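Presented below is the structure to which this report refers.
Just so it is clear, A, B, C and D label the chains in written order, and each chain counts residues from 1 on its own.
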Amino acid sequence: MNKLFPNVDEAVADIPDGSSIAFGGFFTCGSPIFLTEALARQGAKNLTIVSQTIGVGNWEINLLINNHQVKHAICNYPFARSVSKMSPFEKQLKAGEVSCEVYPMGTFIEKLRAGGAGLGAFYTPTGVGTVVAKGKETRLINGKEYLLEYAYRPDYAFIHAWKADTLGNVIFNKTAQNYNPEMAKSARIAIVEAENVLEPGQMDPNAIHLPGIYVKRVVKVDRPKIKIGIDG
Amino acid sequence: MTTKPKLEGIPREMIALRVANEIPEGSYVNLGIGIPTLISNWIEGRDIIIEAEIGMLNVGAFAEGEQIDQDCINASCQPVVELPGASYFSDCESLSMLRGGFIDYAVLGAFQVSEKGDFAGWNIPGSGRGDTGNIGGSMDLAVGAKNVFIAMDHVTTDGEFKILKNCSYPLTAKGVIKKIFTNLAVIDVTDKGLVLRELAPGISAEDVQAVTEPKLIISADLKEMEM
Amino acid sequence: MTTKPKLEGIPREMIALRVANEIPEGSYVNLGIGIPTLISNWIEGRDIIIEAEIGMLNVGAFAEGEQIDQDCINASCQPVVELPGASYFSDCESLSMLRGGFIDYAVLGAFQVSEKGDFAGWNIPGSGRGDTGNIGGSMDLAVGAKNVFIAMDHVTTDGEFKILKNCSYPLTAKGVIKKIFTNLAVIDVTDKGLVLRELAPGISAEDVQAVTEPKLIISADLKEMEM
Amino acid sequence: MNKLFPNVDEAVADIPDGSSIAFGGFFTCGSPIFLTEALARQGAKNLTIVSQTIGVGNWEINLLINNHQVKHAICNYPFARSVSKMSPFEKQLKAGEVSCEVYPMGTFIEKLRAGGAGLGAFYTPTGVGTVVAKGKETRLINGKEYLLEYAYRPDYAFIHAWKADTLGNVIFNKTAQNYNPEMAKSARIAIVEAENVLEPGQMDPNAIHLPGIYVKRVVKVDRPKIKIGIDG
């Protein structure tokens, strides 16, 4: 069950127009930048992208925005930190070219977790009494109010890994783990770019963050050179 | 709204110190951006563990020079170092931890706080962003943490009230704030209303009331902030 | 109910082999107790990965002697060995994996299967246990796996039907079974009803119909099981 | 923040009558047998116990049953495998001395996971159309039927660990992980018995299964001697 692909371009070659894709990574940390660049080269259009932030820290997402490949975003932190800076995505949103759903961080990733775990929906206390609750069902459980939020499953997930074996088992490095595991589990096809590719048996079976069953494709990439910060 | 001359009170570092003194040994804390970030300087060496919602416990100081690892940042995208006993985990795990009540003290900044303990910290009307904005992890933290504190300047840079009868900005959470720490005062949020507990040096209860929209209840043991 | 003379058909090991031949290379499988457990012998060395719902992937053979580790068992509490590329994870993760559709083939035993694809495998009326019984992981596996197969004897030891119009035993799941493998036949569960695809050597379609309550649709290419 | 207790008896000494307690472990594997024995010596009564199985493989649970310390069980696999064998729990259940709720394995642990994660309830497809669905709300989501199941939080969790440090960080060994992490996270007070107790910094921060924030007490125990099997 060798899941190794020769390069990032082949790993994303078959992604059709209209796909939904989840991107791991938290600002500059653990983002699948090589797969994102390959998708920009590949050119699939009308994409729904699922990502903590839309081109803030994970700057490569802006390649997709500027190519007009994106029609919808599901996210947590869509914009530049400063309201005086306008990202490419914010410009397109204001121009009505793209649409956007924003969720609290926990709800954002819990929707994907629920999707991957085969659940239909869940009740969370987060966002009760805020704009997040607009149009959503609420329920009192033991006297506390909860919002109903639905599971979500994207077609693809792009995952950046520190180590992966050819069966798709993955170990992440420190805070580069972030959204990556649950995004991989939520997707129908999870594609892993890994800084290190190993043979099965070379990683401690007790220390795997993402079991290979969740991963369909693995591709070797270089360790990216990253400038930390989101105000650039 | 008020246009009174601005009262200085204590500097931001001292607000951070006052909050730090409120957190007992053995606590797990999560610190938001702004003044809360400064608290980490004051709890260094104490028996308090910092969580970062990106998925890290036992967060240490900001990393510098050779210490910087692009794979080790906090939720504000700043490089940090790990302390002994650190652990890394996913954001899903981290936010579950926040909602689940495992953080003893969350200290957050705010644009506005109400006397009911509501607060607004993620979006400003007139920003042009409407209902779409950078929510981040604050809504989860606010509903989950055992004690939610606000650390902020008492009024806006334009001298407008930030402590209000009702927040006019989009809420982060309702009825969750326990204490407010500002450059002028320490205020408890109680079922009966806001209780003025402590004053910055040189500040009177009248000064604080003048820049606070709701009527303050003056604590029987009102005192000067101890630092 | 039937009291016809019992038909032998093929032994349990051969049922397991027939199921093993139905599972393509590159599959992730979960094997229940009983006949399904025997399938692992037949897929050894093939490019098929076995999951155990206790929280293990790349499950190998049963452990013996020095290999036995009390911390490495399968969901039936039997010691197993790990294969290269193994991973261990929590039961919560494991059951999420099952519900989430990541298992390509789940092979389970059953007390009863209906022509609608319902099956009953966890409790027997008259056991005295009522609605309280050992549910285990089969309900999750049954609703989640991409293909759910049943491997079982065609009739009970008393010669009673196990393939029925409707299950009379408490259900494990409704409408999930794709194929039934028995000592006598291979039967597909389709929207139109049960389709008899293959016969054990020496067994006729009439023999199978006689011990099967619902009317079987005879496949146009009905053939003898190939092993 | 040293969470080390001198022995199992002190670690369970304050557990009051009427408490709910989750027990990690899957049959014979990863069960907190030393804490369970200590609780039998301690004698707290009217307990609600949450455990995959009630005294099958995790035989020490039967000490609590035989002491009549248990009034209610929440479980997945309550009885002996063979219907002809009757466990102490099954006898008491039939005599009306205890009560019992049984859930499918995934629902059982997901209820605890939801509790620990601060969620109120979730919709699962498992058990639809079975006795498990009796009296429960259902909801159609994207044309598929789901059952509403509520979160559950016990007062205590008893956890068996391979390695723990004095801050409560835990690494489990192989399939001895099983229910332990989510049970620890669900409880208000998680108590860990560990075969190896280390200082903070002695475990790989990237390989922690259960972060110390979830653990209130740690106690050193011997590696148990276990006879694998559930028919004994």
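Structural remarks
The criterion applied here is as follows: a residue touches a chain if its C-beta (ideal position, glycine included) is under 8 Å from a C-beta of that chain, and two chains touch if they have at least 3 such contacts.
A quick note: this is a predicted structure, and the numbers were derived from the prediction, not measured.
Both chain B and chain D are touched by A. Centroids built from CA atoms put chain D at 29 Å from chain C.
Rounded to a whole number, the gap between the C-alpha centres of chain B and chain C is 56 angstrom. Chain A and chain D, compared by their mean Cα positions, are separated by 33 Å.
The multi-chain contact residues of chain A, meaning those touching 2 or more other chains, are 110, 117-119, 124-125, 172-174, 205-206.
Counting partner chains per residue, chain C has residues 82, 88-89, 96, 98-99, 143-144 touching two or more of them. Chains touching one another form the pairs A-B, A-C, A-D, B-D, C-D.
Residue ranges on chain D touching chain C, taken from their complex, read 26-30, 52, 57, 76-79, 81, 83, 90, 93-94, 100, 102-107, 109-110, 112-113, 124-132, 134, 162, 172-182, 209, 224, 226, 228-230.
Residues 1, 115-119, 165, 167, 169, 185, 199-201, 205-206, 208, 211-214 of chain D are the ones touching chain B in the complex.
On the chain B side of its complex with chain A, the touching residues are 52-56, 68-75, 77-79, 82, 88-92, 95-96, 98-99, 118, 124, 127-129, 131-140, 143-144, 170-174. By the touch criterion stated above, chain D contacts chain A in their complex at residues 110, 114, 117-125, 139, 141-142, 144, 146, 150-151, 171-174, 204-207. Those residues of chain C lying in contact with chain A across their complex are 25-26, 28, 47, 49, 51, 57-58, 82, 84-89, 93, 96-102, 143-144.
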